[in-house]
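Shared between the two complexes below is subunit A, which pairs with subunit B and subunit C, respectively.
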Partner chain A sequence: MMKNQIKSVLRNKSNIIYIFTFVILFAILNVALTIRPLVDQYFDNIVEEYSNTLQTQLNKISSYENIKIDELAKTIQISKELTDEQKTEIENIKHVERLEIQKIDLEGEEVHIQYLYLDDWKNFEYVNNRLDALGISGSPAVLDEQILESYSTIRNIANTIQYLLIIVSLLVIIVCCRNIVKNEQKNIKLLQIFGYKKSKIKQILFVEQITMLIIGLIFGIVLYELLYFLLVHEMLNISVENNAVMMVAINAIIILLPAFLSIHIKTLKS
Partner chain B sequence: MKINKIFKISIHRVKQNKKRNLIIAIPIILITILLLTINIIQYSMENYIKSLENNLTMRTISSIRYSVFEYEEIIEKIESIEHVDMVIGEYEENIYGYKYCEQLKTKDADGYVKINPINTKTCPDITNGRKLQEDDKYVLIIPSKIYADSEGTPTGFRDIYIEKRNLNIEYINGEDLIGKKLIISFEASNGNTLEKQFEIIGTYDSNLYNDMSTLYTPKEIIKEINLELNPDLLPELEISVVVDKIENVELVKNELISKGLYEKSAILQEAQKGDSSETEVNISRVTNINVETINIMKKLIIFLLFASILIFLSFLITTNINKAYLSSTEIGVLKAEGYTNKDIQKMTIIENIIVCIISIMVSFIVFILIINISNIIMDYIIKKDTIGLTMNEIREQLFYIRQIPKKINPLFVLGISVVIIIIEVINTIFINKKILRKNIRELLKS
Partner chain C sequence: MSKIEIIDGNKEYVKNKEKIKILENINLKFESGKLYGIVGESGAGKTTLLNIIGTLDSFTSGKVLIDGQDVIQLKEDDRARLRMEKIGFVFQEFYLNPNMTVEENIEQPMFINEKYDKTSRRERTSKLIETVNLTPRRKHFPKELSGGEQQRVAIARALANEPDIILADEPTGNLDKENEKRIFEMLQSLSKGGKCVIVVSHSSKIEEYADQVIKL
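== the complex of A and B ==
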């Protein structure tokens, strides 16, 4: 059945051109989906390198032996004295693991510094925003603010590019699918003459669209893997763990939505 | 056949084949909107890169230790290094104590500022007024938009938060203060206080420098105030070097090391005893992060442009071929009517150019409408609850998008219009050549 469907799709020359467009679109779409994890991984490496270097250097000084920088890299330091109510509110913030209070003897005077341990350094901005809303100002305990600012900027740009390319790919595929259905006008009329019901014709068109999009996706993924290997693995030397569920979900939406929309256009009127 | 007759027929064909022309009009509209969006992203990224490159702190190599007895000699050696713009002594770098200005106090800001040193080479680019001159003494270069933040908190992250919380924040227009006098009070940790009067000579772009609270004054004045404020200061032990460009920081640092002028800070020296191969974590690492950030941003711009061009080309070629297939019967009829291949080629080219021009114009109008409507919607959503802004990730993302300066380069608009038309013409010529090779019977059959 599938074999016949593929044959039927490939028989039409204009379909092959559209499959070519789908291949490029799916390849670009998947590369765009990899940008954000790539940025995260890249900055994780920077932070790790930063923490490791600082750790090695501080370990050599006896007074700093007990400090664990990798943990402190995920820590927000709050100098202001907190009330019990504020402490509870802070501990309830998402991504906050625990709140620790350290007493420091500063020339005979006891100073309290609050350390807020987060699950990931990348959530610093999120937590700090919420602290800001509570009227508490925090700063990174160890991590340089410049790293956080750079990450925040690059992450926003990566997100914008990702959303932009997803929307554009979706729109382009919708337009392509509409054109494909329009090209099938003659065949649709023939099927109607042969007595096929509208719902049956819709099913045939839907399967045809899905077949073309899946062929495009398969070759697109191959092209994406090639691009990923050449650009990311070889040039940047970073291995990224993609969120497979999210990628499958977005690809599925981009296949199903245009196919579904394209068969509901006016072309099916007799 | 005369060109004006071909032109008339082409216009008639545009009117007649509205639906068929939509096949190429939609991709052109979509892609023009995409390219205009990319232009905005590119503009905002370039602005950010400029703000990083212009930031003096990012170009400063600090903690160069020296002996008090060889001060003059070391300064001379460092100044002779290529790309060095300014050498700052320990007491020229920052005024030790609070810096308060009553005139800069607003309902949101409590009037505390940050004062940084400059010389004629490191003076920021001026938007209004004049640059620093050699004989200038108590003068200030101020931000074009002033927000004198609490306790002179440095710029960067903090400013973003402040802006996020207070969208209707009250700023002072720096340009209104040019030529006026500003009285700044200083208070040292030992309790000593001092008041100085400065003349404002110019403003720098606060958006470009991502800074709204830093004032610049000659480095000698900073030292003078420090010595007046804290008469018991110990001799200076460290100096800093400001490099001309961010990418030259590493170069100058290596030159300093090779001349034996750069020593690591006390902690690092102790930590690195017996192991000099380790990387150090200091200002140059932070500068490296910025250089890397700039590089990533440039790569992202290239990727975005490359991806959109690829989408554009594949989409346009596909739709053009599709349109040509649909038009083959019509081309067969034209051939049967006696039109030559050249005439048909000209007709289709003119027809597609007209479709291109109309599509580009439509896309500009649609784009301007999208921008304006989205701005109104975003303003409404963001301003609805300013405190809640930090509580909602979507609203936060909208805030960032709203903050992007939406400025389109007219040259870019002209450029993409010309490129789209040229690609369309080339595309049409190649596709038509293939179709026109067929005879009338084949064309009519298709």
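== the complex of A and C ==
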């Protein structure tokens, strides 16, 4: 039964336009999901380059030979003397890997510098905010603050664009699905006349929507891969590690939610 | 026991707080093996009555008994089941799925009938197509058929689940004389075969074929 129903839905010319819309939307959606990792990767490259340059310079000075800049690039420096209580609190902050205290002899006077090693330089902002809350101020040990600032700005813009695109594609898909079901009213009525139960009709509609959305998704992903390859890989020369689980989850939600909503519209009540 | 019995049927619509009475004190009996013609002016409630008998609509008050069972008391899913098992519908505008072939259209009501498996469903479909003389057209879409041919598809589809009752609402309204004759003959032979056939019609020809004409 489903086979015939789906065939008839796919033969419907106006549905082809909806599937085409889905293709575009899924491509846009997945491009949107790539923006954040792209920004992160771009800045990782900048930070790496920055650390490399610094390292080369330091290596020329023999007394700094043992310093590893790429580690220090992920480090927050706290100059204020910490109590034991504060130390444990700090060590419990998320993203903090360890707290190290270095004693430096500064012209006969012993100065303590506390280094906070993070898992990733991108978490500076988060940890700094937590430190602020504890009344402790820290600053990046070696990393240029300007890099952090521009990262923060661009990341926020990227996040906004990403959420906007996700919401817009979700809304458009919901509207499309509702229209598809509305266009099916005559056939729904026909199925009711044949004696199909309401639950069965909903099931048929759901499978129809899902089929169309999955076709849209498949071609959308192809289009996205093409865009990604041409724009990101070829032009920007960055390779991005996408969060596959998140992408699958969001695509799945954007397929299931509109399909689910569309079969619950009131026009189904005869 | 009559196949269908209507007892004190009343139907009214309330529009802008005003009651409009469509059907008043309807008492009718329909027997198996007979063809009934329902005639009346436009707006007399013929379609409404047919829909009520077909459990797609219901009376404001009154009873509809099919095989002695009061269908208005049934739950929605049970009414759907009753339609599937006992009632076939034919409409003036044919009402075929334009995106399904002749074969697929006729097959559609059979999917929900446990009586058929894939093989018997296919067999029955072929047989029905043969009955309405459309075998060479079985892969065609409705828009590729003439009005008369489309109505024959609709009749074959109405017969899909071997219903005892055929309800036809102006089945020849969109057809020429030649095709009208053919459809009426088809419906008549169904009644002769034991089915209870109720036909709403504006055509005077209905009196030639009907065993009884009911005026609303």
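Note that the second predicted complex is superposed on the first by the 264 of 270 C-alpha atoms of A that agree within 3 Å, B and C clash if a C-alpha of one lies under 4 Å from a C-alpha of the other, contacts with A are read in each partner's own complex, and residues count from 1 in each chain.
Keep this in mind: a contact is a pair of C-beta atoms (placed from the backbone, for glycine too) under 8 Å apart; a residue touches a chain by one contact, two chains touch by 3 or more.
If you're wondering where the values come from, they're calculated on a predicted model, not measured in any experiment.
Undergrad: Is the arrangement of subunit B and subunit C around the shared subunit A a clash or a fit after superposition?
TA: In the superposition, subunit B and subunit C stay clear of each other.
Undergrad: How wide is the angle at subunit A between subunit B and subunit C, using CA centres, rounded to the nearest 10°?
TA: Nearest-10 rounding gives 110 degrees.
Undergrad: State whether A:E145 touches subunit B only (first), subunit C only (second), both chains, or neither.
TA: So A:E145 only meets subunit B here.
Undergrad: In the superposed arrangement, which partner chain does A:F229 touch: subunit B (first), subunit C (second), both, or neither?
TA: Neither: A:F229 stays clear of subunit B and subunit C.
Undergrad: Thinking of the overlay built on chain A, is A:N183 touched by subunit B (first), by subunit C (second), by both, or by neither?
TA: first
Undergrad: Could you say whether A:I157 touches subunit B, subunit C, both of them, or neither, answering first, second, both or neither?
TA: first
Undergrad: Who touches more of subunit A, subunit B or subunit C?
TA: Here the partner covering more residues of subunit A is B.
Undergrad: Touching A:L54, do we find subunit B (first), subunit C (second), both, or neither?
TA: first
Undergrad: Quick check: superposed on A, how many Å separate the nearest Cα atoms of subunit B and subunit C?
TA: Least C-alpha distance: 9 Å.
Undergrad: Can you list the residues of subunit A that meet both subunit B and subunit C?
TA: none
Undergrad: With touch defined as at the start, can you tell me which subunit A residues reach subunit C in the complex?
TA: Within the complex, subunit A contacts subunit C at residues 1, 4, 7-9, 11-12, 186-187, 190-200, 270.
Undergrad: Using the touch definition from the top, list the residues of subunit B that touch subunit A in their complex.
TA: 23, 26-27, 30, 34, 37-38, 41, 45, 48, 58, 156-157, 160-161, 164-165, 267-268, 270-273, 278-281, 285-286, 289-290, 292-293, 296-297, 300, 303-304, 307-308, 310-311, 314-315, 317-319, 321-322, 325-326, 387, 390-391, 393, 396-397, 400-401
Undergrad: Spell out the part of subunit A that touches subunit B in their complex, as residue ranges.
TA: That would be residues 13-14, 17-18, 20-21, 24-25, 28, 31-32, 35, 39, 42, 46, 49-50, 53-54, 56-58, 60-61, 126, 128-130, 132-133, 144-150, 152-154, 156-161, 164-165, 168-169, 171-172, 175-176, 179, 183 of subunit A.
Undergrad: Using the touch definition up top, name the residues of subunit C that touch subunit A in the complex.
TA: 54, 56, 76-77, 80-85, 87, 89, 95, 97, 99-100, 104, 107-109, 111-112, 161
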